[in-house]
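Following are the structures in question.
Okay, so chain A shows up in both of these, paired with chain B first and chain C after.
Moving on to the complex of A and B:
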């Protein structure tokens, strides 16, 4: 089900990311101010944008769960947040590297963009412990959906607040007031963003296919009479109720 | 701060891109271990089905 179309999607992701990296190192000009260091921008910023959009997507999927009661939406939301958290780690590490090279410090605490992203990341870092703390799967899914929606609504509000705040050191990109990219840099950035978006969708689909296969295996084991092994302990990951098709 | 010379900036840029690639590789490794677990469970289920004998109407 979720494995459908994974091969062309994986290929498209590899091709787009390869093209993006080729553009970064062989096409995009050196930044007049920062020089070669600015190349980090093409991996750091798309990763941040896709991670934040992934959190918002997780919230939208959680709304789907609360509206329909279908636990598959909870699973989709869980996986979107899971993949976004992984990208979030990448954003923090690449950002720290860029900060060290540009500003001489690994982290700047009075910079709103950095601190706000860290707050969002730490907020979502509590998502899995929250799930793990609730044993009943139904309640776990419901509470996790409420959390995902609340935290997801916080992401654009946070983004807006940071935009309105006066930045001390972190540059603004793609804004109307400054930081506008020249054409060749913009093209490179957009290809990188597309690659990162495709990577997110690919990883999401891989994870969903894996979880779907595990659920099918559990259902098959139950059907074959291996109930004692089919029963799983407490888990942060949702247990999707996916019965195997009955032979007619 | 003035722009770093290429030899020094290169180390930071390489570090950032290697971080990104390492994240993906770790993720792929985790997915590979999940896949091998699914494969193992499938073998167990296959054995279980063999022990139960042929299914009626099969």
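Moving on to the complex of A and C:
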């Protein structure tokens, strides 16, 4: 069910990302100020936006879980947060590279956006240990959802608080004041953003499909009466609920 | 209302009889001031350094209380007893937050004078009302977020590890606002007035998290 449409989606992601990179390297003009290194912006910023939106999406899906009690929503929320965490590592690494190139330091504290992102990332890094340390799967799903909602609400609050505290040194590309991107840069940025968003959706669907397939496989094995193989290693990931055609 | 009063009374009485949290937290803060004295190699601090030392110490002392907040409920069947009683479940959240708030105030009654005597250079007597206001606002935030983090962590196998990992990032905005607000009060050259936006930030943050905790707390108790 999650496998449906994966192929066109993957193709669309590949095409958009390729187009985005082509635009970045051959179409977007060199930044007058920072030169070539500014091009990392087309990876860093879309990735950050998509990761944060993924965290918030995880919170919304967790609300779905708490409202309906349907464990599939918990799994969707888990996968969204998981993919966002991976993108988050990319954001921190590309941000550090950019900071090193343009300010000469790997890390700059008086830059609110990077600092808030780090705080959010540190909070979400607790998500998997929290799941890990709760045995009962039903309770694990419930507690993880509560965490996802709290953390999702924390994302915008934290950005506000850190921005209040620090000087405004970060280039803010789409804000009211700093939004003066020239047309060709803006086009490149938007294509990169679309590509990154598609990449998130594709990865999300892949992980969901894989979880779903392994749950189905487990159910089929059980139906055949074969011995249940012991799970290889513990995982913090939620087990997919059994599909409809389960053995009675 | 009477449920909350009964629960708070139970928590305070338990604390008075067992003395599990508050003395340990107070002792921890005083010891931490000594550690800061040697770690910074200074005999007195002022301004932003003083405010940082004070808030880091209070925050980590609060962690001790947050870790232990729901332990009796879990180990001695308090959760079961509470769930069997026909009362609103939010009462547990409010009463625990109030109890933690009371613990924090009790700790600060010891820790803040100790800080003034041991480490603080300038005398804060001119800015006492402002300092008290900020302390109370920040305590409210720590109490609310600490209760939520503690309730999330108490059912896990690694309770003592998870609670601080959850609470610290959530409390960073509280620390930012509280430390920024305290800095002008502890200046070497005498206290200056506090920029209004920091107390307002603290108050808003407390309120948002109070509503959030109220919305999600019930799900932590269902069994």
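Please note the rule applied: the second predicted complex is superposed on the first by the 223 of 248 C-alpha atoms of A that agree within 3 Å, B and C clash if a C-alpha of one lies under 4 Å from a C-alpha of the other, contacts with A are read in each partner's own complex, and residues count from 1 in each chain.
The rule is simple: a contact is a pair of C-beta atoms (placed from the backbone, for glycine too) under 8 Å apart; a residue touches a chain by one contact, two chains touch by 3 or more.
Owing to the predicted nature of the structure, the values given are computational and were not obtained by experimental measurement.
Room for both chain B and chain C is found when the two structures are superposed via chain A, with no clash between them.
With chain A used for the fit, chain A forms the apex of an angle whose arms reach the C-alpha centres of chain B and chain C; rounded to a multiple of 10, it measures 130°. By the touch criterion stated above, A:123 is placed in contact with chain C alone, chain B being left untouched.
A simple residue count on chain A separates chain B from chain C, and the partner touching more is B.
Contact with neither chain B nor chain C is seen for A:22 once the two complexes are overlaid on the shared chain.
Using the contact criterion defined above for the overlaid structures, shared-chain residue A:214 touches chain B, although it does not reach chain C. When the two complexes are overlaid on their common chain A, residue A:11 makes contact with neither chain B nor chain C. The gap separating chain B from chain C in the superposed three-chain model is 26 Å, by closest C-alpha atoms. Listed in rising order, the residues of chain A touching chain B in the complex are 21, 31, 33-37, 39-40, 43-44, 47, 86-87, 89-90, 93-94, 97-98, 100-104, 199, 203, 206-207, 210, 213-214, 217, 220-221, 224-226, 229, 247.
Residues 148, 152-153, 155-158, 161-162, 165-166, 168-170, 172-173, 176-177, 180, 197, 201, 205, 208, 212, 215-216, 219-220, 222-223 of chain C are the ones touching chain A in the complex.
Remark: chain B residues 1, 3-4, 6, 9-10, 12-13, 15-17, 19-20, 23-24, 27, 31, 34-35, 38, 41-42, 44-45, 48-49, 52, 55, 57 touch chain A in the complex. Those residues of chain A whose C-beta lies close enough to touch chain C in the complex are 66, 119-120, 122-123, 126, 129-130, 132-135, 139, 142-143, 145-147, 149-150, 153-154, 157-158, 161-162, 164-165.
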